[in-house]
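Would you mind keeping the following structure in view while I ask a few things?
Chain nomenclature is as follows: A, B, C and D, assigned in order of appearance, with residue numbering initiated at 1 for each chain independently.
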Amino acid sequence: MIELQPREIEEQKLYQQWGLSEAEFDKVQELLGRLPNFTETGLFAAMWSEHCAYKNSKPLLKQFPTTGKNILQGPGEGAGIIDIGDGQAVVFKAESHNHPTAVEPYQGAATGVGGIIRDIFSMGARPIAMLDSLHFGPLDNDHTKYLIDQTVAGIGDYGNCIGIPTVGGEMTFEDVYQGNPLMNGMCVGLLDSVQQQKGAAAGAGNLIFYVGAKTGRDGIQGAIFASAEFNDEQESQRSAVQVGDPFAEKMVMEACLDLIENHADILVGIQDMGAAGLVSSSAEMGAKAGFGMDLNLDLVPQREADMIPYELMLSESQERMLLCIKKGHADEVIELFNQYETEAVEIGTVRDDQQYILHQHDEVVANVDVKALVDEAPVYRKPSSRPARLDKESTGFEPDTSKVAEVLMDLLQQPAIASKESVYHRYDSQVQTNTVVLPGSDAAVIRVRNTDKALAMTTDANPRYLFLDPHKGGQIAVAEAARNIVASGGMPLGITDCLNFGSPEDPEIYYELEQATKGMSEACRQFETPVISGNVSLYNEFNGQAIYPTPMVGMVGLIESMDYVTTQSFKQHGDLVYLVGETKADFNGTEIQKMQMGQIEGQLFDFDLATEAANQQLIQEAIRAGLVNSVHDLAEGGLAVAIAESTFDNEIGVDIKLDMPASWLFSETQSRFIVSVSSELQADFEQLTGAKLIGTTGGQHLAIQTNNSKINLDVTTAKKAWKEALAWQMK
Amino acid sequence: MYNVKVYVTYKASILDPQGEAVKMALHRLEFTNVQAVTQGKYFELTITKTTQSIEEQVEKMCTELLTNTNMESYRYEIEELTTEG
Amino acid sequence: MKYAVIRFPGSNCDWDMYYVLRDQLKVEPIFVDYRETNLPIDVVAVIVPGGFSYGDYLRSGAIARFAPIMEDIKKFAEAGNPVLGVCNGFQILTEAHLLPGGLRKNQHLEFICQQQDLFVQNNQTTFSNQFKPGEKVMMPVAHGDGNYYCDDVTLQQLRTHNQIVLTYSKNPNGSVADIAGIVNEQGNVMGMMPHPERASELVLGGTDGLRLFQSVVTRQLQK
Amino acid sequence: MYNVKVYVTYKASILDPQGEAVKMALHRLEFTNVQAVTQGKYFELTITKTTQSIEEQVEKMCTELLTNTNMESYRYEIEELTTEG
C-alpha cells in the first residue's frame, strides 16, 4: 500500500474510494484547518462510515424508547444492561456479520460470534448464552447449502470452544438473501454485582493498554466495506479475511473478567476492538471521556512486518481489547494477563487536551481533534418514498385446502417451519449447565444459578411481513419476540436489534427503514421493552437487489420463579386444549401463500398492539396462577402447525374440533396461543382467560376437525417428516 | 492410475491459530529452536486415468473443493503409477 | 477428602463439574491449575473436565497432556486412585496413555450436542456401582471428536477385562463397538464422552449422571 | 536453519471420516475417477540449527506431539537452508 501525499489524496480523490463524499472530505479539511494526510484520511473514512457513525440511521434510532425503570445502561456502550433484582443485571447485544459471512462463511460467522461476545464481557458481564438469526437463499442451491453449513459450523465451533451455550435462533430462506445472506448473533451476559464498566479513557497520564492477539492486515477497511453494496466484481478484490481464535478469546475473556472483578481500582475503562479496530476503540474511549491520547504504534503487537499506520489503525484482527489503566499500575496488568497466557502491552497515555496523536518511528503520523473524529460525523436524513408495491390493490389470497392433511404435511416440511434440530444440535447448548429449556421450544431458558430466577431469550423477525408492510411488520417483530418470551413464562425486559436493510440512498429503502423502526418503537412502548443496544447493517444488496427489510429483534425476559418455566409441548394425556386469541382469514405474507403461490403478495393483514398485549397478559397470569401445562405461540404456518408442534416432543396426540373453515387452520393471524390445561383446572382457567376450549390431548393421533375438513395423522409420522425435512433438503 | 498429493496452507497474511498453538507447545517441550510453524491440510488421492488431462482435473479439484481460495493456497504433486496401463 | 478438578488453559466445563461436586454431591471440590506440579495431598479423586484445552487445534487433548500437573496425575492413577476424564478429559487421558485408544472426528464430521441414551455394560467399577447391570441411562453428549478408536487387539482386551463401562444405544459418532466410556485395566481410570455433570439435576433434564459421581463417592466412603 | 515438512495421516487400517467425505464431495463434482482420498495434516516448521541432531529432534516432535501414534503415522522431509551458516 502506497501512502499518498495530502495533495495527491485530494487530486486523486482517494477518499472517495474509502467512502468519504466530497462534502465530507471538505468538512474534514475544515475541522483540521488543513488537508488530512494519508493516515488521517483513513481514520476519518472509518470513523465516519455508516458502520461506526450511524450517519444515516441515527435520526431513526432516536425514535426508540431507551429508558425504563430497570434500565441501567441503554445504547451507547458495548452492550445494554437491565436490572433483574438481587443486585444482578442482564447484559445483551446483537451484531451483524453479514458481509464477512457472505465472503467466507465459516470465519465470517465465527468472528461475528467472537465480536459480540467481547461486547458483553467488556461490560464486566460473564456471557451466558448466544443466539443467532440466519437468513439465506432457498435450499435448492448448492452454494447456499455450503454457506449454511459453514456458517453454522463457524457459529458452533466458536461458541463451543469458548464455552458459551448457543441456545436459540431463527432461520428463513428467501430468494432475496441468495447473494446477500444475513448472519446476526446475539450474546447475553450476567452481571453479578451491578458495577458497570464504561468504555472511557479519562485522566491525563493514565495508561492505554493493548491486550490480546497481535495485529495483522486482517479485514482492513471492514467497516468501510460493510457500508458498501456488493456486486459480482467486488467478490474477487476483498481484503484478507479475519480468522477467529476462540481459544485466544477465552483467555482474553477470563483475564478481562478477572481484571474487572478483582482489580477494579486500577481500571478506568475497557472496550473491545471491533469494527475499525484500534482507531474506533481508542478514539471512542477518549472522546467519551473528553480526553485525547498519544499512541505509539511501534509498541502495537504486530503479526506482520512493515505495517503502515493506516493498516495498524484499521485492521480488524480479532480477539483484541483496549484498556485504560491508572498510571503506576502497568506491572499489575501485565502480570495478570500473563497468568492467562495473554499479552498486555502499554501503547500510550491519556492527554489532558483533546488531541488524538499517533506516533510511529519517532514521528507524528496523525494529529486530530478526537471529538472531530468521533462526534462530528455528518448525520443525514435521507429522502424517503413509499414503495408502490405497498399500495397495489390486492384481491387477497385464498389457500387451496381441499387436501387439508397433505397441506399440513407439506407445511411441516417447509424449511422455515421444519425442525431446526439439524442446525442446533451442532451447537453446544448445555455448557455452563444452566440451560433449562433447550433449543426447540418458543424461547430458550437459562436459569440464574443460586436464585429461583431464570432468563428467557429469543430472536425473531418475519421479513415477509415487513416486505408487505414495514410498519406493521416492525410492530409484529417485537410482538412476536414478546409472545415467545411470555409463552415461556417470562416477563419481557427489553430488546436489542440488528437493522438489516438495503441501501439508504434508495428512497424506498429509506422508507422501509423509517417505517420499520417506527413500528418497532411503538411496539416497544406497548410492551415496555426499551431498546438497550443494537446494530445497523445497511447496503445489503446484491447486483442491485435489496434484501427484505429485516430488523432482527433479540429479546430477553425475566422468569421470576422456576415454577413459571413453561414449554410448548403437551405434557400428559387428557389435558384440555385451548386457543387464546381470535382467528381471521389472514393469508397474505404467510407460509401457505409462499408454498402455494411461490411468492408473497398483497396487503398484510391487520395487527393490533393492544389486543396482542392483552392476550399476552392473559397468558402471563395463567402461568403465574399455575393453571397451564404448556403454552405455544402461533407463528409461521398458523394454528395447525402450532398444534402439531405441541404434540411432537412427548408424542402425545390430540383431538381438536374447530368452528371454522379448513383454510383458517393456516391463517397467520397474530396474538394467538395454544394452551394445554389439566382438566381439574378447567373452571379456573376459563374464568381467568375466557379462552375457547378446542379439544383434548391423548392418543397417538393428530386429529383436527373443522367445519369442512378432517385431519387425522399419526403423530410419529408427522413428527418424523417435520424433524428430518431440513436435513434432507440440506443434503 | 495417479497418485496425487495436495498441500493446502493458509496464505501468509492470514492468522494461523493452529500453527501458533503447535509452536507454543513445541516450545514448552523445550524445542525452543522452532521459529515458525504453519499447520495445513494434506490430501492423498488415487485417481484413475481418463481422457481429460490430470493436471486440469487436479487444478479444478483444488480450486473448487480442496482449497478455500479466500484464505488458502495450494500446491500438488502428481505421480503416475506405472503398474497400470 | 478433596475432589480435584483440573483446569487447563481454555477449559470450559470446569465450573460445571465444580458445581455438581459442591452443590449436588456435597463433597469438597478444589480447582488444580495445570501449572501445578503436585496435587494437594488430601485429594481423593481427580476429574479432568470437558470442554476444550488450548483450543484443541492440533488434536483434542494433544497439548494438554504435557501440562506440568499431568505427571502427578499419572502417579496418582498408578497408585490406584480414581481419575475420571469427561469428554475433553477422556481425550486428554488417551493422549496421555492413561487409557487405550484414541478419539477421532465424528464420522459425520459434525459437532453433535444432544440427549443421549446409554447402556451400562459394567456396573462393578468405581464409576458405575450405583447403576443396575444393563441399565439404560441418559447423559448428554456434546463433542466434535468423540469417535472412539482402538485396534482389534485392544478391543479384545477391553472386552476380556470388562473395561467397557458405557455404550451408546444409538451410536452418534461412529465409535468402535458403540463405546461411550471405558476404564483402564485396573479399573481406576475412566474416560467417557457423555457429560454426567449435565445430567445431575432434574431441572436440567435428568440425574443419571449424578449416580456416576455417587459411585465414586460411595467407594471413597467405603474405604 | 532447516525447513521441515511433516505429514500426518491416519494409519491405513483406520477409517478416515474426513477423507471419505472429501471423496464423496469430489464424486458429486463429477470427479468419479477419484478412487480413494485420505486427508491428513501437514506441518511446515522452520527450525534453527543446534548441536542436537535435527533428525532426532524432528522424530521426537512427531512421536510426542504431532502424531497420535495409536492411530496416525507420519513421515517428514528435512531440508537444510544454505543461505545461513
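Convention: contacts are C-beta pairs under 8 Å (C-beta built on N, C-alpha and C of every residue); 3 or more make two chains touch, one makes a residue touch a chain.
No experiment lies behind these values; they were computed from the predicted model shown.
K.L.:
So which has more C-beta pairs touching, C-D or B-C?
P.N.:
When C-D is set beside B-C, the one with more contacts is C-D.
K.L.:
Just curious, how far off is subunit D from subunit B if you go by their C-alpha centres, in Å?
P.N.:
Going by mean C-alpha positions, subunit B sits 9 Å from subunit D.
K.L.:
Which whole number of Å gives the spacing of the CA centres of subunit A and subunit B?
P.N.:
Roughly 37 Å, centre to centre.
K.L.:
Can you compute the centre-to-centre distance for subunit C and subunit D, using the mean CA position of each chain? Integer Å is fine.
P.N.:
30
K.L.:
I need the residues of subunit A touching at least two other chains; which ones are they?
P.N.:
In subunit A, residues 245, 247-248 touch at least two other chains, as defined above.
K.L.:
Quick one: which residues in subunit B touch 2 or more of the other chains?
P.N.:
17, 21-22, 25, 29, 39
K.L.:
Two or more other chains in contact with one residue: find those residues in subunit C.
P.N.:
Residues 54-55, 57-58, 62-63, 66 of subunit C each touch two or more of the other chains.
K.L.:
Graph shape for the chains shown, where an edge means the two chains touch. Line, ring, star, complete, or other?
P.N.:
If you draw each chain as a dot and join those that touch, the picture is no line, ring, star or complete graph.
K.L.:
Please output the residues of subunit B touching subunit D within their complex, sorted ascending.
P.N.:
Contacts found on subunit B: 1, 7-9, 19, 22, 25-26, 29, 31, 33-50, 57, 60-61, 64-66.
K.L.:
Once bound in the complex, which stretches of subunit A touch subunit C?
P.N.:
153, 156-157, 160-163, 245-248, 250-251, 340-341, 424-433, 435-436, 438, 447, 449, 562
K.L.:
Taking the touch rule as given, give the residues of subunit C at its contact with subunit B in the complex, in rising order.
P.N.:
Checking each residue of subunit C against subunit B gives 54-55, 57-58, 62-63, 66.
K.L.:
In the complex, go through subunit A and note every residue touching subunit B.
P.N.:
Going through subunit A, the ones touching subunit B are 103-104, 107, 213, 216-218, 238, 240-243, 245, 247-248, 303-304, 317-318.
K.L.:
Give every residue of subunit D touching subunit C within the complex, in rising order.
P.N.:
Listed in rising order, the residues of subunit D that touch subunit C are 10, 13-15, 17-18, 21, 64-66, 68, 70-71.
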